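As written, the chain order gives the labels A, B, C and D, with residue 1 at the start of each chain.
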Amino acid sequence: MSNVSITLYNNDESRGLIAAILKDNPASTTMRMPGVVKIDCPNKITILRETVEHELGRPWDVQQLHMSLVSLSGMVDEDDDYFTIAWNH
Amino acid sequence: MPVQALKPGYKGEVKDALANFHGNQLVYLHWADHLIMAFPIALPLPPTTPFRALITDIAPNAFAMHPDFEKIDWSTVTWQLDRKPFTPDLDKTLAENGIGHKSALVFTAPGLMGLAGASA
Amino acid sequence: MSVTAPKKLSLKERYRILTRGLDWTTTYQEPAKVFPHAEFEGIKIRDWDGFVDPFRLTMDSYWKYQAEKERKLYAVLDSFQQNNGQTAITDGRYVNVLKIFLTAITPGEYQAHRGFAMLGRQVPNVGLRIAAQMQSLDELRHAQTQIHSCSHYNKYFDGLHSFSYQHDRVWYLSVVKSFFDDARTSGPFEFLIAIGFSFEYVLTNLLFVPFMSGAAYNGDLSTVTFGFSAQSDESRHMTLGLEAIKFVLEQHEDNAAIVQKWIDKWFWRGYRILAILAMMMDYMLPKRIMPWKDAWEIYFNEAGGALFADLARYGIKMPSTADVANKEAFRLSTETMLTFYQMGHASGFHSWLPSEDELKWLADAYGPEWERLYLPRFKYFRELEAKGEHYYNPSLPQLCQVCQIPMFFTEPDDPTKICFRDTVYNGDRYHFCSDGCQHIFENEPEKYVQAWLPVHQVMQGNCGGATIDDVRKYWAVEDGEDNYDYVGSPDETMWKGWQADRLKVGS
Amino acid sequence: MHIDIKAASLQQKRQAYKHLAKRFGEDRPASRYEEGTLDLAPETNFHYRPLWDTDHELYDQSRSRITMKDWYALRDPRQFYYANYNITRAGQIESVEHNFDMVEKRGMLSAIPAEWVEEISFYLLPLRHYEWGANMNNCQITALGHGAALTSPTCFAMGDRLGIAQLIGRIGLAIASNNETALNAAKDAWINHPDWQGVRKMVEDSLVIEDPMELFVAQNLAFDGIVYPLVYGVFSRESDRRGGAAISFLCSFMNEWFEETGKWVDAVIKIAAAENDENKALLKSWFTAWESRAVAAFKPLSVAVLGAEAGAQAIADVAATLKARAAKLGIA
């Protein structure tokens, strides 16, 4: 099992997104660098639209992730309600 | 292994062919264990250059910045030509010494191990 | 046809209908004539439709999100210019990383733009073509935003003025140019694995994340904004690279051997380019973010390790030369820096010796072996400078035939010995800095004998003349402005003037 | 803090990058279009011949028979660089979204007579495959054309054509309540219907044109110069008359786009033709050959939609307009 990772801008827009990720992926750890936050988690990170919307208090389209995303490591799956990054080993 | 190209007969220009150097050949020269001069150097030289000129003319210009340089006893220096031990005849030319186009010469001065003995 | 209540389409379905449905199999022209590049590399594809689209952006969403990114980015650039943000960076030295970036990386973005256009036309799968086309657009974006971000710096600082002209000519830029020329002159799948996988997925995180974080740390709002904004496109690109490699590997078991050869090649070629990045991170950022070896550990060994563990089921292994890169991790930045320091007269940016504090930071990061090997060199260069005898190497370097970097790399297991490798092909001898570069040559000698090696071109008289002045003119390196040490440069004088004025205003 | 530095010490050392100063003079600041476009592509000292084209360098003017002293003379009058291109399109797409919303909310599509929906499906929806060909052709020019002044806008055109293809796809989904049926039928017409085969053959033949400038003339002037005025002009007016105004409404972007893009296409061809007589003769021969192909290819459709007489007249009118346009560019 290896870590997957996602790196997001450290700004107000990403704040709700980061909170949602940490909530839905309790095993994740964060590394803060100037301007960005890198989140690592064993094997899989799941981003749920519902949780993000709850954190932001407004509707959120999964593709809006492109506005906060800086980098990622892992295989991606994306649909209306979720965005996941995972390894298959 | 040949390249896989769209059409057979893939070929491009060999940009560093001997003929392109206007009568010179290329020789590379490096002084082992003195890495403060960070890289081996490239020299365009007539094949008729006497080997001795590497020691008397070229090396001082290239390597004299190093405090070890004046300590070199050239009579004890050992040489490698293209990674094989090699004993040059100082009075013969590069060509006569069998030094071809784009050959690499490395010399070692016994006892001189660079700054602080760190091959620097 | 009656119009009833519309059924709900999921993102995946909608994307499939609007993209996959576009293609048809040509019959008036043979498909092999429409897509002539599809097969010559020997990759076997059983089912082109097996490609899984990584991101499902339709063009309208693409325009929408990219426009929003651009509005934000250009608002920052405008504000940076209006407020003279260049005066707020940590130190005038910092701008030299931008000089390297603009002359080395930006033209590479342009090459990637053209290369992905080629891919976007040549691959017989509509999903792959669209992803490549969007990447082609993105890469043009990166080239242009970098030029626009650096434009304001160019008005004040030297060394940024002739980036694309220099990219075609200057010796160290030939390293990057040959890398992209190599990828672009390859077939479509090799290009995809070279740039989309090895470079984007395995290596560019190193370039953009810690380095751009470093830009933020050094007060360069302009660069950090374009850097992270570009990287948000890169995550799409990386995913394309990964999906593409999975697709190729799943199509036919014979593909694994070809793909492994390309991974080995392009890992090594990409890694060699990163030598200059290692120098930028360890020696050129006035405030450092993390040492090169830590970035390498996080972004190659951890992230790359997980990736290759995932590809193991296809029989794909870590690049054969990864262990050499690990052995070099403690010295890569220093060997590179020491070379540029002594080639300052022939470079388009400034170099300088690290301060005592910086040496201590490096020693802490890299340990006693680093101190033993390199402190004596820094100490000696400092002594020479104190005597007013800054060392500039009077000779031109021997270059590696493949990566084109001066042969300053040392043996993987002995940092006191230059790593020499050579081979004879068609009666001519060719030299390499490493086993990695030698293997690349030996796999395709017909290609690499063509290399435009800058030092050899100078010696053939193709670079403006025989003297260093002639050659600097050919390179558009302004002598006494762009080159030599930062100390004493016009950049330094200007920077100090700004600081002095600031103190006066403050008091 | 940093803005306290007195203006005197913030004297600019130079106004623009040197390649731009060389073109426009030392004292002239450059626009973002100029910075992001001019002299951007590599010109010399290439390392390896392409494995896919041993006869040329990686970037090679001789891929086209058109000759230019300076390929950067072929400027885009819209001055598009990536940012203003995307921002322009995003704005237009916002209007398109409003249009779709309005058409949906008011049930405007269900008000179109069924037989005219069939007709629209027949003449409009297969054009997404035409657009896909146009996308590939502009992509090809981007890959192999010379100079960023030409190839950056062709890259934008590549994106545009994908966008238009997908917009037609959305219309196809909308008129079939989000089922694929109409689009599948349209693809079948594109592949099999006799009225469409001239167009499909023309498009497929264009996919193997080797000279990037010939491809530019064929696709962006000759083909589009017939298709857009015919379909989004004449057919749309017919649609309005027969109760399908909602469709013209959804296609308003195409008209807007064609007008804007035409200015760029004209500028490129006009400058290339004015460069020398050989260029002019070549451009003329390419235009003549591909324009007559396009006229012949679209005539059956015109007749199918408008009837024999009106259909023949419409295609003749469109062809006359295009020839007049070519005459203005110096290649008639």
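As a convention for this text, a residue touches a chain if its C-beta (ideal position, glycine included) is under 8 Å from a C-beta of that chain, and two chains touch if they have at least 3 such contacts.
Note that this is a predicted model, so its numbers are computed, not measured.
**Q** Pick out whichever of the two, B-C or A-C, is joined by more C-beta pairs in contact.
**A** Looking at contacts between chains, B-C has the larger number.
**Q** If you average the Cα atoms of subunit A and of subunit C to get two centres, how far apart are those centres in Å?
**A** For subunit A versus subunit C, the centre distance works out to 27 Å.
**Q** Just curious, how far off is subunit D from subunit C if you go by their C-alpha centres, in Å?
**A** 33
**Q** Indicate the whole-number Å distance between the mean C-alpha point of subunit A and the mean C-alpha point of subunit B.
**A** 55
**Q** By the touch rule stated above, which residues of subunit B touch at least two different other chains?
**A** Answer for subunit B, listing residues that touch two or more other chains: 3-6, 10-12.
**Q** Provide the list of subunit C residues touching at least two other chains, using ranges where the numbers run on.
**A** As it turns out, subunit C has residues touching two or more other chains at 36-37, 40, 68, 187, 447, 450-452, 457.
**Q** Which parts of subunit A, given as residue numbers and ranges, touch two or more other chains?
**A** Residue numbers touching two or more other chains: none in subunit A.
**Q** Chain pairs in touch?
**A** A-C, B-C, B-D, C-D
**Q** State the interface residues of subunit B toward subunit C in the complex, per the touch definition above.
**A** Of all residues in subunit B, those touching subunit C are 1-6, 10-18, 20-22, 24, 26, 28, 30, 32-33, 35-44, 61-62, 65, 82-83, 100-104, 106, 114-116, 118-120.
**Q** In their complex, what parts of subunit B are in touch with subunit D?
**A** 3-7, 9-12
**Q** Mind listing the subunit C positions that touch subunit B in their complex?
**A** For this pair, the touching residues of subunit C are 36-37, 40-42, 187, 335, 338-339, 342, 372-377, 379-381, 384, 391, 393-399, 406-408, 410, 416-418, 420, 422, 426, 428-431, 442-444, 446-447, 449-453, 455-457, 459-461.
**Q** So in the complex, the part of subunit D that touches subunit C is made up of which residues?
**A** That would be residues 1-6, 9-10, 12-19, 30, 32, 35-36, 39-52, 58, 81-83, 86-87, 89-91, 93-94, 96-97, 104, 107, 109-110, 114, 117-118, 121, 128-129, 131-132, 135-136, 139-140, 142-144, 148, 151-152, 155-156, 158-159, 162-163, 165-167, 169-170, 173-180, 182-184, 187, 190-191, 200-201, 204-205, 207-208 of subunit D.
**Q** Spell out the residues on subunit C that touch subunit D in their complex, using ranges where they run on.
**A** 1-9, 14, 17-19, 21-24, 26-29, 33-34, 36-37, 40, 58-60, 62-64, 66-68, 70-71, 73-74, 83-85, 87-88, 107, 110-111, 113-114, 117-118, 120-122, 126, 129-130, 133-134, 136-137, 140-141, 143-145, 147-148, 151, 154-158, 160-165, 167-169, 174, 177-178, 181-182, 184-187, 447-448, 450-452, 457, 476, 490, 494, 497-498, 501-502, 505-506
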